[in-house]
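Take a look at these structures.
Each of the next two complexes has chain A plus one more chain, namely chain B in the first and chain C in the second.
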Partner chain A sequence: MSSQAFTSVHPNAATSDVNVTIDTFVAKLKRRQVQGSYAIALETLQLLMRFISAARWNHVNDLIEQIRDLGNSLEKAHPTAFSCGNVIRRILAVLRDEVEEDTMSTTVTSTSVAEPLISSMFNLLQKPEQPHQNRKNSSGSSGMKTKTDYRQVAIQGIKDLIDEIKNIDEGIQQIAIDLIHDHEILLTPTPDSKTVLKFLITARERSNRTFTVLVTEGFPNNTKNAHEFAKKLAQHNIETLVVPDSAVFALMSRVGKVIIGTKAVFVNGGTISSNSGVSSVCECAREFRTPVFAVAGLYKLSPLYPFDVEKFVEFGGSQRILPRMDPRKRLDTVNQITDYVPPENIDIYITNVGGFNPSFIYRIAWDNYKQIDVHLDKNKA
Partner chain B sequence: MSESEAKSRSATPPSKAKQATPTTTAAANGEKKLTNKELKELKKQEKAAKRAAMKQANGISIEQQQQQAQMKKEKKQLQREQQQKREQKQKNANKKKQNERNVKKSTLFGHLETTEERRATILALTSAVSSPKTSRITAAGLMVPVVASALSGSNVLTASSLMPVGPNASSTVSASAPASTTTTLPASSAALSAGTSSASTNTPTAIQQEIASSNASDVAKTLASISLEAGEFNVIPGISSVIPTVLEQSFDNSSLISSVKELLLNKDLIHPSILLLTSHLAHYKIVGSIPRCIAMLEVFQIVIKDYQTPKGTTLSRNLTSYLSHQIDLLKKARPLSVTMGNAIRWLKQEISLIDPSTPDKAAKKDLCEKIGQFAKEKIELADQLIIDNASTQIEESTTIVTYGSSKVLTELLLHNAISLKKNIKVIVVDSRPLFEGRKMAETLRNAGVNVMYALITSLDTIFNMDVDYVFLGAHSILSNGFLYSRAGTAMLAMSAKRRNIPVLVCCESLKFSQRVQLDSVTFNELADPNDLVNIDYENPVERRGNKGALLNQFIKERKFEKKKLAMENKPKGNKIGGKKGSEGESKDASNEEDSNSKNILDGWQELPSLNIVNILYDLTPPEYIKKVITEFGALPPSSVPVILREYKGSA
Partner chain C sequence: MAGKKGQKKSGQGNHGKNSDMDVEDRLQAVVLTDSYETRFMPLTAVKPRCLLPLANVPLIEYTLEFLAKAGVHEVFLICSSHANQINDYIENSKWNLPWSPFKITTIMSPEARCTGDVMRDLDNRGIITGDFILVSGDVLTNIDFSKMLEFHKKMHLQDKDHISTMCLSKASTYPKTRTIEPAAFVLDKSTSRCIYYQDLPLPSSREKTSIQIDPELLDNVDEFVIRNDLIDCRIDICTSHVPLIFQENFDYQSLRTDFVKGVISSDILGKHIYAYLTDEYAVRVESWQTYDTISQDFLGRWCYPLVLDSNIQDDQTYSYESRHIYKEKDVVLAQSCKIGKCTAIGSGTKIGEGTKIENSVIGRNCQIGENIRIKNSFIWDDCIIGNNSIIDHSLIASNATLGSNVRLNDGCIIGFNVKIDDNMDLDRNTKISASPLKNAGSRMYDNESNEQFDQDLDDQTLAVSIVGDKGVGYIYESEVSDDEDSSTEACKEINTLSNQLDELYLSDDSISSATKKTKKRRTMSVNSIYTDREEIDSEFEDEDFEKEGIATVERAMENNHDLDTALLELNTLRMSMNVTYHEVRIATITALLRRVYHFIATQTLGPKDAVVKVFNQWGLLFKRQAFDEEEYIDLMNIIMEKIVEQSFDKPDLILFSALVSLYDNDIIEEDVIYKWWDNVSTDPRYDEVKKLTVKWVEWLQNADEESSSEEE
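Right after this comes the complex of A and B.
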């Protein structure tokens, strides 16, 4: 299949309709009109659902290929909207699991003993028993499967994932509340994170803990969010302090814990936060030995590895930093929009499936993704 | 029982018992021609009499009965008084609570003086110091001084109709004047007209009409209200009328009041140029420890020139205390910078060294010269030496990161880029709310230096750009080697240290301080939290322009008062003038709200659990600093106390 499979080829009315929605979504992503990884993930899933219901394929690999193409085009539209690619990879993993299961069942019928995965060092050196034959058998037999089955599987997977994403905060809150004590001073440099906001409010109201929250402003891109965040917290009777970004070091000695929201979590345990200045805050925290915990839904885990951090960090225009510049006397400026926090500056990740060390994140990632789908772009894979 | 009764009988004065008896008899006599009320009373008395008879039958005498009644009465009275007291207490407590809520102290920095307190003090002082003959504008309206003096003491006179009354509205003046509680005293009309004509386009005839229309009762009313107002906040007499209501609330702190009172006692001693400097400092028109110090020394030269030794003392003895009064006021603008403190210490020593026999004129001239020399030696020449020394650090084509704005650093970088023609790249890091770095970046850029400007949130990117050195300015270096500088410096130094980029501090030895401090929370300076409410790219000085926070506050309160007046006037059925005015005002108000509502945190004072921290300085630990470049050479931060000790004589 060519990469334009879903854009132009099919004359079918339903597919063309889907193509229009895809195009508009791609345009929206390109214009950065969808804000926040939560919204992006949900919209991507809705789109994927429509895409799969309208898609036609001969073999399940065909379907997987089409989904990969879709994911690739979406990722190209907004390379740093990681949640978009993450959910597509999750669905791909669901499909591939299903395929594997089918092949397994066929192999079970063909060979009497189900071969376990290599679990021991001794097996490592053993000669694998007729693997080629099995593979061939399986691929041949899986071709006999009906297609509707996979459509159902994919759509059910999407529905489950939407459910999971919508209920993520509950799971995180239960774990995270146990991490703060009464009268603690917390600092959050990511006031745009809904998860952090909800967590703090439930900690105050449901567990009835009193604590102080310092909110950094994140000037220039995030100050509005920060102020709104602070106001909301104060309205929920949480002692809140708005702090300029420059005062973080001065106050860090009094802070008990730093909470950060995340935009994407990479397999090495590093994270991209949707707010500049977070990495300096975490560095400060490290310097003062203040624990930093990051809250992240499972859908924010990305199977990518940040070899080149600059590729993942976004930069904005200068108008927010030097609004009125004399055109004859120009200055260079930097306006970092997102920020990369290396794993050594984060103590723990709280996800909806539990708390993990940054060094363990890779394992959670491979529970949910398949290695083969890391790069959706064919040229790289 | 009989014993106790006998005791109580002897205790009560006999006159009371006598008083009680005639009333009962009188009531018994004039029974028939009475109203309902009195009838009821009579019935009560009858019942009481019956009871008395019963009691008498039981063996209790009339006198005893009366005494018991008296006791009961007293008891009730006591109870009532107690209740009142309790209510009063509760009221007071409520008031206190409100005050506590209004005076916001952030959780971490409750021990530091807030800008609002400082502002209230300065305002109180300036209002008391500035001549009583100038007219002042208060939230209640324009204060005309001559009238005020005529009123002797209760010194407020409102002329609030000055704004609504236009030149062609003279016909409606008579209608609107009483409504807006305008009162003018017939006396001193000349002064009044002078004041009003300068304030608005009002014609003298309109004023006369006003005067004619305002009758005596109105005058009495306003006077009554004025005295009431004065009674409400007579914390410090003489300043009550000038302080906006918000600022009053900060006056519930007794130590603050006493300090203001103390300053007020010496208000006559304060030199006007000191007042001017105080206001400049308070509004951040002069910032940076060196510029502040220079400005102070210049003003001191003027003060010393104008100084006259009072009879009976000598210059060397009296001038020090005279200067202390000036310094007390300066302290109220912002806490003194370390440079200012060091300069003052030096100056006081110089004064004490003056031979009492030298004539005043020569001594004053000598002092002024010495001050000039001090500034030159300690600041200008020191800077020159620092620049020479630091220039050896800067090689061809290096990238240098600086933070905020520093006078020495600007000169150093200009010297290297322009005079020495080194091809350097400068990255100026800046932060909210003062945006001082912008000034430095512009200066460098205008001179043709390759400059990059970034905010502190982008630190990560900046340090990924092959930075060779970090150069920092200083507010002061403490005796334990900590660098006390603009908030954000520490973060920059820390980031640099973690990336193995050398951090160098350029600092005159004038900035060395004897103080030791361990973290930035214990001692710091709080700036105005309202500066952080606006989300824009201007620094607070630019944003305010010429109107300070006080003027804004005044405008707000004035609007509120006008609204209140309009509300009060409505039910009275004020036809033409009132309606027009209120409509216009409501429109204005809505517009104002629209333009104001863009700031999310506008009403932050009302949320009890919301606070804004705006600290000015932070402490950089010595381990982040590679070396400190002073006019004595480059040294590690641990050598600061050595320099202080070795060069104490000269510093």
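Right after this comes the complex of A and C.
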């Protein structure tokens, strides 16, 4: 499906106006002017909406190719912003499902034997199938027009996804209440995660539980965030302590649960978290058999597999760690901004569709994505 | 001074931005692509400095990237040397595409010789509508510009006389990152208003210096700090007054030495300049040493989020690996080669077996052979390096070819298209260019001028002893050394890439060292360096100037213009012909003496009265033609010389009266007279002239002693 004759149409197909928007966004990604996976996901979807409304195509496969190209250029612009690739793959999956249905309905009418294949849980949750339309297999002749309005399908898919992303915290908070007990000590090493913040605040306010939160300092990149995070929690009458990163091991025996925010969740159940040092915290927790909860919206789920962790971790500036020195005589500094946590160190993922074991994550991933879209780059596919 | 128009509008660049934005709010930026310096010779003979690659990205990109992030809406690129190259580059770059974050316009200003000229040109064009960023085209920074702008606006509200904000970054204790043009800033501690600015001598001179601050400047200042640890990264936010001030002060040339110092120590202007201090990374690539340091800093991610793997250019494909290794796609590495820390490799490059690379930048499509050692070096695009070579702390520009077994020692600079034969061993700090550039510091090539210089320099032979029999390359000597054979070690070590500690102190030649000397010297060197295309013509012009200048002064005297008008005319003439104050003084004095001669010849007045009349009225001109001791001494020498030339009846009386009248009008001070007298020429043909002056000077000295003894 990837080798279509129409692929070259992409740049000309959309009007230049959309191209301007796309390239502005690419430039912004490159300059790291859009921060946070939530913002990136939403902006990507808005962009995709404009792109699809302006796109011209002869066949739905052409449209899919165009979207893949777009996704590829966005991923290249900021390789560690996984959420923009994720949402594009989600929309691709929606389109491909629709195509599959159409093809199937054609075959059903012509042969009337084939049984609708339920490939996954996702299909079970899909909205009821549209009435079958009697027509020929569209891939056979180009003259035939598909009656399904793919533009409409895609845009509806985008709108649904935007709603989902915006309401993700609600879903997670529902589960939060049951997880936190009274007088429990929690530790979070990801103070920049808004999901974690809301999760804790809801637990405090809705169920009126009293608990203590330890926040790691997150030196050097997140110290400021940690302080703000602690302040916000304190304002909601949650007992909060900011602890040095180095004290985590000593404190772990007292901690009841570790809660981490995520930036991306891979199919193997590993995660990229948005603060360095999270990996060692999870390692400590494992040592003490303390449960580690990872909170993640569904859009953070990525169909990629972390074969080369180094490629997925982002490296920040050196200036935060050491003062400037003679480049010929200085120490080499490496400042990881994000950190990879392997699946064995995470006990459960709390998503907006429920809690899952890391080993089950692949299943949810294939409910939402298509294998064929894992690599948007044509050279790798 | 109106340059040719090279304006290029980008299509529908600012979609939707124009409509809801006041013209006032549109942030403009002026980028000075030319540094008016020659530190990067011989490479800048081929390419302008701002297009030289740092970590395989042309320098200008970093500046533009900074402006894009700063949210600038309109950028003016001022191009002087190699203007066409810059214009072509910008036209084909992403900044000229419809989705560019700002509208970019190149302004050709080939006549500009200094920042002052550019500012005057800007004022003439009237394109500046409000506050604007003035930045040089070689800045690398990750400062948060919004904070600086906020500071600027805050200070603007507090202080109506505030006209400009300089961005100064705190340097480390480590000297190499410091600017090559050291300076002391005296700042008001509470408001960080710049009270005083002074250039410091280069560390190389090992001079101890003091700064003198006029006590009046410290009025109303509670507490002040004197700092010389600030890197001046040449990012300024200026109000629209700044070009006007340059316009009013014809003699302002550089932004710091003339403008900042002039403005803040001037009572008449009463304007203030503030400094914004930051800890963030902000530097200028202004010499080989800073180039070296900044490259390493950039690869070591000290300028994050501006890093190589954010691929700011569209065709870049860098990815990051730990230990700060950056590789583009399609790099071919042999199995046994070793890539060490802090290294960037461009696409299409092939690296052979057993080669070791560390702390280096390698461009695109390079062919690096086997068993080569590359350390701390910079290799630009399309280079070929033969087997078993050793390259240590050197720079190889694009398209250069090195044979096998070549050894480049510390600090070598190999120019564009140079070929070096097998088995050559290059001494430290050798600089080689592919075309002959004899004493090249004094001229920069431009397309038009190439031919005539080639003829001039045909006699210069290939440096066979260095590049080998099959090599192509000429030794480049910086302007300091006059003779190639006798070039001393010291001369060679000037302005190098070298990292030897001793040499740090012998850091630089070129203009900045000339700046330290007298004004006269500086303007002369500016003249000689930048008159590239008009080298031949300039001799005519010098003569022309003398005639024109004399005519101007005579006209002024006959029509009884006021002083200011005369000065303005002279200055305009000086600027347009690009001559120094020395010439101006000669012209003025000649004209004055002719006038005196005329009076005496027509017997209107006696010799003494004539001199007094003329010099009392017009001597004040010199106040704006000479600015320091040496120039006054020069002035007096000229007077003496011209009096002899004019062959008066009583030359001694004329000189005496002229000097007395200048002295009485407070134009020349006693000290200067003594100094002049001590060093005055002993040529016998001046003996007659000096007769009366001898007595006068003696009298002056006696009077001085008496008065001082009386005081006691």
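Assume the second predicted complex is superposed on the first by the 331 of 381 C-alpha atoms of A that agree within 3 Å, B and C clash if a C-alpha of one lies under 4 Å from a C-alpha of the other, contacts with A are read in each partner's own complex, and residues count from 1 in each chain.
Criterion: a residue touches a chain if its C-beta (ideal position, glycine included) is under 8 Å from a C-beta of that chain, and two chains touch if they have at least 3 such contacts.
From a predicted model like this one, the values you see are computed outputs, not experimental measurements.
After superposition onto chain A, partners chain B and chain C are found to sit side by side with no clash.
More chain A residues lie in contact with B than with the other chain of the pair chain B and chain C.
Of the two partner chains placed by the overlay, only chain C lies in contact with A:P79; chain B stays clear of it.
Centred on chain A, the angle reaching out to chain B and chain C in the chain A superposition, using CA centres, is 70 degrees in steps of 10. In the superposition on chain A, contact is made by A:S276 with chain B only, not with chain C.
By the touch criterion defined above, A:E98 lies against neither chain B nor chain C after alignment on the C-alpha atoms of chain A. In the superposition on chain A, A:A250 makes contact with chain B only, not with chain C. With both structures placed on the common chain, the touch criterion links A:T24 to chain C but leaves chain B unconnected.
Once the two complexes are overlaid on the shared chain, A:R32 sits against chain C while remaining clear of chain B.
Legend: residue contacts after superposition of the two complexes on their common chain; A:D332 is shown touching both chain B and chain C.
When the two structures are aligned on the shared chain, A:P323 is found in touch with chain B and with chain C.
Legend: residue contacts after superposition of the two complexes on their common chain; A:Q235 is shown touching chain B, with no touch to chain C. Nowhere in the superposition do the C-alpha atoms of chain B and chain C come closer than 9 Å. Comparing which residues of chain A touch chain B with which touch chain C, the overlap comprises 310, 315, 323-324, 330, 332-335. Within the complex formed with chain B, the residues of chain A that make contact are 212, 214, 217-220, 223-224, 227-228, 230-231, 233-235, 237-251, 253-254, 276-277, 279-280, 283-284, 287, 310, 313, 315, 320-324, 329-336, 339-340. The part of chain B that touches chain A in the complex is made up of residues 106-108, 431-433, 438, 441-442, 445-446, 451-462, 464, 486-488, 490-491, 494-495, 498, 519-521, 524, 532, 535, 537, 599-601, 604, 607-615, 617-619. Against chain C, in their complex, chain A makes its touches with residues 16-17, 19-24, 27, 30-33, 76-77, 79, 310-311, 315-319, 323-328, 330, 332-335. Across the complex, chain A is touched by residues 12, 15, 65, 68-69, 94, 97-99, 101, 142, 171-172, 174, 176-177, 280-281, 292-293, 296-297, 300-305, 307, 310-312, 317, 319-324, 341-342, 376, 499 of chain C.
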